[in-house]
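Below are two complexes that have chain A in common, paired first with chain B and then with chain C.
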Partner chain A sequence: MAGRPGTNPTTYSPSLKTQKTRSTIFKDQEIDWVRPDGRGFQQCRPAFFRTGAVTAASGSAYAEFGNTKVIVSVFGPRESKKAMMYSDIGRLNCNVSYTTFATPVRAQGSDRKEFSSMLHKALEGAIILETFPKTTVDVFALVLESGGSDLPVVISCASLALADAGILMYDLVTSVSLSCLGKNLVIDPILEEESYQDGSLMITCMPSRYEVTQLTITGEWSTPKINEGMQLCLDACSKLANIMRSCLKEATTSSQE
Partner chain B sequence: MGGLSLGEKNFIQGGIAQDLRSDGRKRLTYRPVSVETGVIPQANGSARVRMGATDVISSVKAELGKPSSLQPDKGKVSIYVDCSPTAAPMFEGRGGDELSTDLSVALQCCLLGGKSGAGAGIDLSSLIVVEGKMCWGLYIDCLVISSDGNLLDALGAAIKAALSNTGIPRVLVAAGASGDEQPEVDISDEEFLQFDTSDIPVIVTLTKVGRHYIVDATSEEESQMSSAVSISVNRKGHICGLTKRGGAGLDPSIILDMISVAKHVSEQLINKLDSEIAAAEAGEDDS
Partner chain C sequence: MGLPDASGDLSSEMEVDAFRRLFPLRFYERHLAESIRPDGRPLGRARDTTIALGAVTSADGSALAKIGSTTMLAAVKMEVMTPSMESPDEGCIAIDFHMPPICSPIVRPGRPAEAAPVVSKQLSDTISSGKAAWMAYLDIYCLDADGALFDAALLSAVAALFHLQIPAVSLNDDGKIVVSEEDGGKLEKEPVNKEKRKLTLRSIPFSLTCILHKNYILADPTSEEEAIMETLVTVVLDSSSQLISLYKPGGAVLAYTSAVQDCIALTRQRVRELQKILDEANSGMEVD
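Take a look at the complex of A and B:
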């Protein structure tokens, strides 16, 4: 079948993008990067959130930022077989996994242990654990398609799912990442931009309290650049929080009708 | 170490507020550091670093491999940390996995730079043998033998010392290798190339207890922390990586303040480490 040209249906053909060798777009430091999807350097992708995606879970949310699609479901507070010891504050258990079709090249769908622990750290500062002693809240995140800036989308979606489940939190947690390409700071990078980046900054914050719960910087940065990057991200985080709040309000008004 | 009583907690916090910690140090003073290199003869490079009661060993092994197709002119480095049960009984089996993953990720973030390889502490292009076909892969494995706080700083120092001690064998490529075939290489047993480690950053962890920051916390002090920020600074004073650890939120201005304090502290630490490493290497050559 593969050997007969001209008889293949033209409805869909798998792309051969993975066979091409990666061209070096960025040899010269002077060239300004033009973003493939036409956004400005300080423009985030349009965010789409929907709560109540999984009916079996206590709370759930689906987020779509361009090509990055994530679904998070929250179970609990419930008894956990793993927790042997009595504790007078609740436990949080996080798990982030990728589907096998999430990446351009099929990879074994596995847990990302480091993403799971980063999600845990991002959320534990915001959840009021004292309200559910002796029980556990499980947060399961599944990345359906990885289009760049995955962990920030997972974190924002997870905090929306926790809000949908009714778990008491100090504030919504939002997260944005920033890439440094040459001398440009590019916010909310896509997969292609992430592979060329010289450095990255990922910030997770609670916008109303103006507190940073997690910050990860890789690559070489000077202090004024870090300052500029942090201000950009914090601004984007507060705008994202407004979008998340309006999504939650919509969900409650539509359920009241 | 069991739980701390309320009196002990107040003692630690009060001491830090008055710039006098339980062992007599000031807030921004490190414990005495001792470095030994060449502790593992079979590895290409190794080092053991002791900071007070924290004891870590780091070893570097170099193996020939194929470079990744995305970056054909760069070698590969992978960093892995293992917490041994000798440090704490809870590290046996899977117990130490979470801490190991945390430390490995933090070290990779601090030492390996961005995806394109820029800003990396280690110069990856010096590891290439035949562009696109063969490169050295450095496998950096660290072992935590005894843990008394401040593991990340000790691991960073151990990696720096191990890399200064690393000798990569000289490789002679047979001429006339064609097309897709693997070129024939002759790995010399005699000549070694020393690694240039002057650009490798050090990691400074600032632990926030109450309203003050301390450097090089012991495990008692770490149990009282509200949050910690680990900053990797190189000799030029540039930040090569930063991770915030710990649960509580921090105001952004506090983070910027911590960065400037870390830069200030890192100058002394870099000088101290360099002199210790040089002394260890000299001592090893004599014996």
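Take a look at the complex of A and C:
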């Protein structure tokens, strides 16, 4: 029978994943973790970028890192809300939301406020706000499938979408995250690794200028470990920036043909 | 074409865009008089349609449908529910249509689009299925809004249901349904269904939206056409050409019998095209 809109029967997901408890491997620091997708600890997933995914937007990009799939649309610069005060620099408005089927267990697809504000902080240092006074640039992200390391992918994809929209920036913004599993540092973690992690480190930087716009650390970290982690991430960020640049170049050459 | 205009000489190329923005209706009527539309299509032709099955791996069934630039992603997730007393053998399907802010400049986060609940209701009226005590959550996300939202949404929903594979489950000791282990090691659990199976669909609905303007009928409008000419008619036929629904929400142009019959004839043709596209997408998946 067709869905009865009034009734909401309680349902549960038959998936086994919700019932797995955290594995006890890491109590014993000697045993190493083997990555389920066969990558090395310092190997990121292959990145796929495509600009111009949404024709209704000023600029847009689609990013796919393994199972993490994200679409970001940029609208603007357009009129700020009437209630806002005059401002002689531009405004940035960010919003990140998940689809209901992005996570293995179905969840209400609501806005993620903390991700939205983190995306805002990551991007605002890179955008030249003085070039669009009185107006607002809207950056909307939709995570189609969450396969781990979601926020870094959203940030990188957002900066590509901003470049596609022609918003002036100091440099492309790239982001990579790192998980600490026992004594191992694992870069670009998948969902399973993130659920087992002892700590995480996420860096967002502008690679050509070698400047960091955002650094987020959770868990317990010693100073040498932080230095090692940061170095790994910064290297990965500059490689990612090259991939993004070649994607943009490809897009412009194909549109010129 | 003898139309009076106050904007001077409009034949130079640079001013075509301005004319399109300032006098959209006249721009379109000039094209319609020649039986063609600005994107080069004849009046009765729909835009290029593609379907890709299995776009999202975290869902049990998914499909991405594109009609021209309008892109819809539909995904089905199965959960277990206790069936109601009056119909212990029937499951349930919950359909939700979302327009996230990425799809169009008019949608703002936190304020759902006006079109969303309308399309949601239309879809619920059209689709029906059900097996055992499964609850199917069908969510459709609009990724790019460029007209004919209902057609693309219905197509992606149907394709996702086609692609759906109900997982193999067994009954746990606690009376809960659990996904069966791949290696089939645990023998104390009684398997309810041994392997993944596909949903059997009785008849598949396909639709076509047409715009009525004076005595022209335009099939498969873009968002620009929908904004200018407001009278829409949506016809839903099933694969055996039986009429499932006819939807005409007001509009300035009255739908006389001849107009309705023409719309239905265009839809019948479209059903054949869509059936072929869906079959190709399906057989493409099975080869893997």
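By definition in this document, the second predicted complex is superposed on the first by the 228 of 257 C-alpha atoms of A that agree within 3 Å, B and C clash if a C-alpha of one lies under 4 Å from a C-alpha of the other, contacts with A are read in each partner's own complex, and residues count from 1 in each chain.
The rule is simple: a residue touches a chain if its C-beta (ideal position, glycine included) is under 8 Å from a C-beta of that chain, and two chains touch if they have at least 3 such contacts.
Keep in mind that what you see is a predicted model, and the values were worked out from it rather than measured.
Participant: For A:235, using the defined touch cut-off, is the partner it touches chain B, chain C, both, or neither? Pick first, second, both or neither.
Facilitator: neither
Participant: Have a look at where A:192 lands relative to chain B and chain C in the superposition and call it first, second, both or neither.
Facilitator: neither
Participant: If you stack the two complexes on chain A, which partner ends up touching A:206: first (chain B), second (chain C), both, or neither?
Facilitator: first
Participant: For A:97, select first, second, both or neither according to whether it touches chain B, chain C, the two together, or no partner.
Facilitator: Touch partner of A:97: chain C, not chain B.
Participant: Is there a shared patch on chain A that both chain B and chain C touch, and which residues make it up?
Facilitator: Dual-contact residues (chain A): none.
Participant: Across the complex, what residues on chain B touch chain A?
Facilitator: Spelled out, the residues of chain B in touch with chain A are 69-70, 97-98, 101-102, 104-105, 109-110, 112-116, 118-119, 229, 234, 238-252, 255-256, 259-260, 263.
Participant: Per the contact definition, I'd like the list of chain A residues that touch chain B in the complex.
Facilitator: 21-22, 26, 113-114, 117-118, 121, 124-126, 180, 194-200, 205-206, 209-223, 226-227, 230, 234
Participant: Please output the residues of chain A touching chain C within their complex, sorted ascending.
Facilitator: Its residues touching chain C are 1-5, 9-16, 19, 53-57, 60, 67, 69, 71-73, 75, 78, 95, 97, 99-104, 106, 109, 111, 138, 140-142, 144-147.
Participant: Mind pulling up the chain C residues that touch chain A in the complex?
Facilitator: Residues 55-59, 62, 69, 71, 73, 75, 77-82, 84, 87, 90, 92-96, 98, 100-105, 109-110, 124-125, 127-128, 130, 135, 137, 139, 141, 143-146, 167, 169, 176-179, 181, 223 of chain C touch chain A in their complex.
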